[in-house]
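You will see two complexes here that share chain A, one where it goes with chain B and one where it goes with chain C.
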Partner chain A sequence: MNLLTLALGNLRRRPARSALTVSAIALGIAAVVALTTIAWGFEVSWQKANDARGTDLIVTRTGSENAMPSPFVGAAVLNQLAHYPHVQDVAGLLSEMLTIGDHSPPIFVFGWAYGSYLWDHLKLLQGRWPADRNEPVVVLGVLAAEMLHKGIGERIELEGQTLEIVGIFQSSALVENGAVLMTLDRAQSITDKPNKVNVLNVKMDKQASEADVSYVKEQVRKTLTGYVAITSGELVSRNAVVRIAKAMSQVTILIASLVGALVVFNTMLMSINERTREIGVLQALGWPRSRVMTMIICESTLLALVGGLIGIAVGVLIATGLEHTELMRGKIDAIYSAPFFAAVLGLSVLLGIGGGLFPARMAARLSPAQALRHE
Partner chain B sequence: MVTQLLAIALAMWSLQSLAADSRDSLPGLLEAIKQARHSDGFEVRFAITAVDAQKLRTVPVKIAVIGQANADRQRFLVRGISPDAVRNQHFVAENSAAGPIDAFEYGPDSEGHRISLDPFARLFNTDFVMWDLFAVWWDWPHQIADGNGEVNGRSCLRVKSRPAVPMPVKEVVSCIDRETALALSTQVYDAQHRLRRTIRVEKLMRKGSSEGLMAKKLSILGEHGATSEIDVYGGDEQYRISPETFGVLDRFLGKAN
Partner chain C sequence: MNVAATSAQHLPVDATPILDVRKVFLHFDEGRTRAVDGADLRIAEGEFVAIDGPSGSGKSSLLNLIGALDVPTSGEICFRGQPYSDLADMALFRGRHIGFVFQTFHLIPTLSAIENVMIPALGCSWSATEKRNKAASLLSEMGLAERLHSFPATLSGGERQRVAIARALINDPDLILADEPTGSLDSVNAQQVLELLIGSREARRITLVMVTHDRSVSSRADRVIHMRDGRNELPGVAV
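After this line comes the complex of A and B, so read on.
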């Protein structure tokens, strides 16, 4: 009988206690997995949306940390940006979270400059694009069409205006698939923000180098007071919601780790107390202290590993469930990656080793005579 | 150079300290409240859901409020967005230097009539009252600090405001957050000193253009246990007031060319 089967056998002797310990660890790990994948997913889905459009730099107001940066009049800034070297196109974007009809959850509504490069990455599945900058029509992302149960030719009401759906599109970014899209002029009219944009998207030409991008950033900082040029990654990571989600995930990791280690510690301490005579017999039979310690740590690690595996599965289920809730659908895209799961399993193993270390040392320090006298 | 920078830093710190200190006195706080209301133009869009005493909820009514306020004049335009029953119903009102409020109602064709801005007149079948937008009670002569209070975990200073002459509203009791100069709750009492409504800020959010806070969710508790929940879902803190924005008001007031 090797150490692993011996450890498994020991855990099976107290199935209820082992199951409870595994459940506690699994719950902690599930919370870590769900929160972390969603926090990352929120960040990545926004970054994907910006990257998919081919945007190299985003110009917005300094200090805008809301999900949607404050709107500003874009024309003067746009004209200045267009004159910087290697700038191929500058396109305004206005976005809002609006409800459609009386009972639907809020949905992203984007207004993009008509004829700009922003539209190029979208794949039109049905219908057509808006025919001019003022046409009172919208195109829906494939997920938005599904959520709203709407198709080509039907109408939606947005901020008191009725608009015809003329197209359904697909994007590589989930945020866009779950959005309603129209021309910038139409969005400005609907939201009563004439000439305003939330951000200006800057596309550099193919010859532009990293240094050219940095130059534009520097010029914006020097010449456009109150504005900042940043990459999509910088914009997303500065977002207050992303920062809060990440902080929450880090706190959860900390709490789950502490609770997990304490649960394992307690379980192993109880187990050793019950098995003092058995450990004494093993030592009397010639088991070295290191082997006793290894056996105990093997047991605690097994508990934590099983808890970790179940926790990952439960966490993925929770995150997937949240992604499909009415409120969150089309807004978050949980990110699952093998390295992350490996790290979570590694954390579980560490919890097992950490929680089992002290009880294992206690068991190994028992003298056989003392242990055999234990009642 | 270093000395100059230090002097500037010290002066700025002193100014900030003075601003914070001035809010410790009631007159200073009242001045800060009035200053915080000043705006060259703003728009706020919100959805109001009425919840009756049996917890039955109505279809949300979406409203846009455009405003402009300075020491001499306040004017507001309230526009119904949805549902159809309220769409393009407009209410526009102006008061200047603590004078009477001129108010008008008009439809999509810009034809309308003068209305009396009653402190108890509810708009769009909700508990939203346009008179509240003017917060005229801050200009009343009797302002009494009434101890500290707490609204949703934020401490605030209770201030009782009473008019000089008999009015339909006898008293307004506000609870002011000293830090933001924002009324976290406002209680309106009628001439018989019956509490007619309580407006509470339920959730705050950071302003997009500054470090200040503004209301994200509010509730208005009416007389008979009914509540209106107000959810601010959009707007523009630097709305550009065009000649057309208050053009109809100017025409009604005979100011238009």
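After this line comes the complex of A and C, so read on.
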């Protein structure tokens, strides 16, 4: 017998109350896990997509990098960028989220400069790539083909234009696997944005150092008024959707923490009130205040820890379920990391200690004689 | 009458009493309730003292003060000459020197008999096996060798009180304070519990202070202290 087994026994006295407390904590932790893994997943998915393309810098309109990049005419900027030292390639990119047919969920549609380095990392599984910059065809990511139930030779309708599927590809980035891809010129045509791009992707040559990348960023700031060059990581982290998702996750963490701590606090307060006389007996038998406190905090921490473990499991289930919903499929790759789960468990333990601290202090400060007289 | 001086006639001339209660008061509600109102007594090592008196006379409050469960409003209580007010850690003192037996047993319902007995020894330096062996031995001494793993709910009143006595003895106390230990028991169990308490006290040369209403119990004591209105009426009647 030790303090832990004693604490477990005390929690088993009121199984329904303990179960409800664990459930409340588990729900809060599940919300934290689901939202955070999805928010991070969203960020990491886009980061992966940019990294997979081998892009070193992204040029977009100043201010636009904070939200979804707004389209601009890229030709003049592209020509200037191409002359900076160590710049190997500059490729325009247009992206939209469009609905294909009446019943399909929105899907990413990318238009990439024909013949640019952007296509190099993709692996063609079936069919062929577009033959020229204007050919009215698309290639589908492997996941997009599965979601749309389409194959080579079939047609899809986008913004009133019918396009033939000529290839199926695979990428190391989930976002690209779930996308419809065509040439930039074709994308500009069907979205009615002639000559426009959302961003210009800059690839530096192999000799380029960090200093060379910084030099290009600085040159863009100085010479291309109204434009900014940032890394793909910076673009993603400044993205409005990513920031909103992260803010929501942080607010959820805060609310879940407060609710969790209050639930533990309330449970422990009730438990101590019921056991006042028993605590007096323990003190009479020679238990120091510190041991009484430790026992109560052990109880509250156990509640929170079990709630945390169940919450993590439920949160992973929710995030996995969301990933596979029609709306989210191919857009978000939820991130499950051991350090994150350890941090969530740490948060649970803190909730337990925080929620149990005041009741434990109350119990420890009871006068043994008063506690023994308690009805 | 000087109560302390009269009580001292039970002690050898130069002996230090185990307990010396000097003009102790315990008031509540800013003095409106006087639970103990000038108690004054000395108890010798190994003595069996019964405290009796009508309800509300301050017997249990005095026992709480002697047991360092309450702090007197004024006055001093000394244990082997050391004032309680000088003790740095009252809980530690209780754990080392005092064993309590309550009228309503106060066992922890989620723990087995042997675990209940081990509770006061939880923080001490013995190994888990030593604690368990000692608790088992005490329970055997109380006639409960077959009930080591029974939970309080499955024990009779008499058995519960015997577990409580074993619990009071686990830390080898110098003093046992029993607050009406037979008050909740039938006469057969009451007699059995009383014999166990007296037998344990004699075997271990422990001082026993017992609050009781029962004259058949107080008649077994070395001395009876009568309480009335928060003070001891007589210094103690040697029986």
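Here, the second predicted complex is superposed on the first by the 371 of 375 C-alpha atoms of A that agree within 3 Å, B and C clash if a C-alpha of one lies under 4 Å from a C-alpha of the other, contacts with A are read in each partner's own complex, and residues count from 1 in each chain.
Everything that follows uses one rule, which is that contacts are C-beta pairs under 8 Å (C-beta built on N, C-alpha and C of every residue); 3 or more make two chains touch, one makes a residue touch a chain.
Fair warning: this is a prediction, and the values are worked out from it, not measured in the lab.
Enquirer: So, on chain A, is it clash or fit between chain B and chain C?
Expert: Here the two partners, once superposed via chain A, fit next to each other without clashing.
Enquirer: Output check: A:Leu305 vs chain B and chain C. Expected answer is one of first, second, both, neither. What do you get?
Expert: Touch partners of A:Leu305: none, neither chain B nor chain C.
Enquirer: Just chain B (first), just chain C (second), both, or neither: which does A:Glu159 touch?
Expert: In the superposition, A:Glu159 touches chain B alone.
Enquirer: Which of the two partners, first being chain B and second being chain C, lies in contact with A:Pro106: first, second, both, or neither?
Expert: After superposing on A, A:Pro106 lies in contact with chain B but is clear of chain C.
Enquirer: If we overlay the two complexes on their shared chain A, which of chain B and chain C does A:Arg291 touch? Say first, second, both or neither.
Expert: second
Enquirer: Considering only the touch criterion stated at the top, classify A:Met270 as touching first (chain B), second (chain C), both, or neither.
Expert: In the superposed model, A:Met270 contacts neither chain B nor chain C.
Enquirer: By the touch definition at the top of the document, which applies to A:Pro368: first (chain B), second (chain C), both, or neither?
Expert: A:Pro368 sits against chain C, while chain B stays out of touch.
Enquirer: Could you give the angle made at the Cα centre of chain A by the lines to the Cα centres of chain B and chain C, to the nearest 10°?
Expert: With chain A as the vertex, chain B and chain C sit 130 degrees apart.
Enquirer: Once chain A of both complexes is superposed, is A:Ala240 in touch with chain B (first), chain C (second), both, or neither?
Expert: After superposing on A, A:Ala240 lies in contact with chain B but is clear of chain C.
Enquirer: Considering only the touch criterion stated at the top, classify A:Leu148 as touching first (chain B), second (chain C), both, or neither.
Expert: Neither partner.
Enquirer: Minimum Cα separation, chain B versus chain C, post-superposition (Å)?
Expert: 57
Enquirer: Where on chain A do the contacts from chain B and from chain C line up?
Expert: none
Enquirer: Which residues of chain C touch chain A in their complex?
Expert: 61, 64, 67, 69-70, 89, 91-92, 94-96, 98, 100, 102, 106, 108-111, 115, 118-120, 122-123, 128, 167, 171
Enquirer: Can you list the chain A residues touching chain B in their complex?
Expert: For this pair, the touching residues of chain A are 61, 63-66, 69-73, 96-99, 102-103, 106, 157, 159-160, 191-194, 196, 240.
Enquirer: Would you pull the chain B residues touching chain A in the complex into a rising list?
Expert: Interface residues on chain B, with respect to chain A: 43, 45, 47, 59-60, 62, 64, 66, 80-83, 87-88, 205-206, 208-209, 233-234, 236-240, 242.
Enquirer: Residues of chain A touching chain C in their complex?
Expert: 1-3, 6, 9-10, 12-13, 277-278, 280-289, 291, 367-369, 372
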